[in-house]
Amino acid sequence: MKPTGTIHDLGYKRYGGARLSSATRWLVILRNQIATGWQTWWRFKASLGLAVLTTFIAGGVMFILRDKGIRDFGGNFAATMADAALPKSIEWYTRAAFLVSLTIGSRVVAGDVQSGAFTFYFARSVRPRDYVLGKLGGMAGLLMLIMLAGPLVLALSRLGLSDNTEQLVDSLHLIPKAIAIGLIGTVVFAAVPLAFSSMFSNVRYAMALWAAYYLVFGLMVSLLGRESQSWIGALDLATALEAVAMKLFDLQLFRGRAGWVPWDAALASLAIHAVLAIAILSVQVRRAYGSGVGGAS
Amino acid sequence: MTVVLADNCSKWYGHVLGISDVTWTLGGGIVGLLGPNGAGKSTLMKLMAGLLRPSRGGLTVYGKNPFEDVAVRRRIGYAPEHEKTWDELTALELVTVMAKLAGVPARRAESAAKDAIAQMGMTDAQHRRVKGFSKGMRQRTKLATAIAHDPDFLLLDEPLTGVDPIARVDIVERIRRLADGGKTIVVSSHVLYEIEALTSEIVVIYRGQVLAEGNVYEIRKLIDRHPHRIRIECDEPRKVAAALATSDHVARIVFERKGVLIETRDPDRCYDQLAAAVIESGVNVSALSSPDNNLGAVFEYLTGEGGQRR
Amino acid sequence: MSEPAPKLVPSAFASLMTVAGLTWTRLLRGRALVVAVVIALLPIAYCAFAGPRVGPELFVFELLTASVLAPMFVAASIGEEIEDRTTTYLWSRPVPRWTIIAGKLVALVPVVTAVVLGSWIVANQIAWKMMPDERTMAALAIGVAALSILSAGVASLAPRHGMALSIVYILFFDSPLGVLPATIRELSMTQQIRAVSGIWSGNGELKTPLIVLAILCAIWGLIAAARIRRLEA
């Protein structure tokens, strides 16, 4: 039988070059997450601006209080205050990170489901774990600029303001501490909002519940913790982060609400939050993938 | 009466050009706004619907600025290109709300909505939520929202996008009926045959500028230096070719499997000579057509995307 | 061709009510109310957990709840219309644009008020086994309206992130402003709401905080109306 159709060779050839390993797909999602987060002023840059401002103010306070004239006048108190600038600034970096979590973090997965981008991802050879890793990594990449870079710059500034080499060497411990608190904050603010985002297919519900959890529930448990002088205040993410920062930097003054929270409970709370959040995120994404939202069926 | 008057109208979105220096008058009837994706069709539509303000120049609808003048928008019916509506509503609720907002009194809004839905052939689905609608049903619902308040001027932005071929024919027929009812209609599309099925009056827009406007055949005539192709399907193509080969207006002769294709710079003379040659030689002609008399060819030529623009 | 007979343009009130009706219908068919109730349960849960230790901070929690709910309903509703481009339907109609914002407020403020007041009443019953006094109820109702108008203003300025920015503005700018030990705190909406309630703020006087709140609402309302008038779809 004579064929009725003909396919003409128009020179198209299937791409036969090198392909990225499927193990690196998450990197593509990560890069895309960072790139989209960087767009427009309100998503990330405003929060970054707040973090930069915090760094400048805390650095300025540190610089002024480390001034010899001020120290001659203020004595040890001025020096202690200067050293408190770094751990106290964590409260403000946390605020900036929360702003990012509202404008980006709590929107990510819900936004992808709402806009149909889930199908776009999973119609390709992207696995749920690539998606989870990519989104988490992207958020962490953005948040590092706030939660990690700021404290690290302040720690370096403090080293630079040392009176002599001996003092500089003595202060070197600030660097790993700044990195530690920065990384903890980064992981928590990347994972928890994403988990909230994964639980709803509507951006505004995810945002509202995350905001209510962080702000309303957080303030309640923080207050309850102070009233009862118990670990319960550690359930407030901001308080827990501050409590860990105070322990790390051995801050005795200006402890505020975090002063009532045992640091080990705070650390445990942050760890549980992060692990639980990543587990929820993974299960939700896998479930969506399996149920066909991702075009798997 | 002038319905739309664009006077050196330009619109930018930041650094991105929407339309540039468009001067255009629309008197009435049904007009196809044609152009590739990103040409500026939707921008022009939105300017006419009062959703955008010109960055420079002016645009009026029935002599009024549609962005500023609330009342003139009563005479406009606009169906946007995007599919998103309030999916929680039923088709009837959606069209009723739109009718009310367009000025149909509350007591008559539902019946006006039902009429509009019926005109779009959607009565059976009017109580279903828009969320479950197919693309074709969404397009019909959008069209119903545009006509429910009986506007004088309809702006239909890509009304046939995503519609299956059977529904397409039906929608085209319904739009034609609206035009027959005396409405001025502007329909945009980047799919040439969609416009061709609706009207021969076109405005070609390209890179934000009006490239051509008027009757598609008239526009074709204006491109007089562009060789016009005539395809003759016959049993003895060589005889036809021989009769025309020496004529100075013939640019090229190509033999095809079923006949011959002649490129001429003077179509009228060519058709006269062709008729004489066929009669003299007794050649049996089974079909005579011109691939250049369709919108696609005009569009390709004007935009330089199919041939060399002169 | 003769000039066709002029067609009726809907009155501003009719448009406003139509938009309110549309907003209501969508609200009832969505899950926003369920989410709102879940959030409003937080102060109730606090009372159940804290028992007799509950103090005047409960009002602040309720105000915080309102500070999340008002943006969730109002700012998100306006932002979604712009982001989803459904504004092309609304703005191509012969209605003044301010009626769209006003219509949304007319529909949503009573809903948020009902949820917040419901939470306040139940929380009071659990904490102190009594109905809250009228002044705190009035303060919350007025507060919800004020925060909703503020959210509408913020959403009109930055539609894509209206909800997030409204929450951040109220909690990270307005609230801290309200506790500053200086006259500038009078510019804080949350401070004035607390003053109306008579809890923690103000000297018990009602007239001044109400006037200041009215002025602040008028400013945000005008910002919203002016901005929405110039927005393009």
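The chains carry the letters A, B and C, assigned in the order they are written, with residues numbered from 1 in each.
Rule of thumb we're sticking to: a contact is a pair of C-beta atoms (placed from the backbone, for glycine too) under 8 Å apart; a residue touches a chain by one contact, two chains touch by 3 or more.
Predicted model only: the values in this text are computed from it and were never measured.
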| item | value |
| --- | --- |
| Shortest walk length in steps over touching chains, chain A through to chain B | 2 |
| Farthest chain (mean CA position) relative to chain A | B |
| Chain A-chain B separation of Cα centroids, rounded to whole Å | 51 |
| Chain centre separation (chain A, chain C; CA means) in Å | 29 |
| CA centroid of chain B to CA centroid of chain C, Å | 46 |
| Residues within chain C bordering two or more other chains | 30 |
| For the chain C and chain B complex, residues of the former touching the latter | 1, 3-4, 7-10, 14-15, 18-19, 21-22, 25-26, 29-30, 84-86, 88-96, 232-233 |
| Footprint of chain C on chain B - complex, ascending | 1, 28, 46, 49-53, 70-76, 78, 80, 82, 84-86, 88-89, 93, 97-98, 100-103, 105-106, 145, 149-150, 152 |
| Chain C residues touching chain A - in the complex, by the definition given at the top | 30-32, 35-36, 38-39, 42-43, 46, 49-50, 53, 57, 60-61, 64-65, 67-69, 71-72, 76, 80, 158, 160-161, 163-165, 167-168, 171-172 |
| Residues of chain A defined as touching chain C within the complex | 40, 42-43, 95, 99, 102-103, 202-205, 207-209, 211-212, 215-217, 219-220, 223-224, 227 |
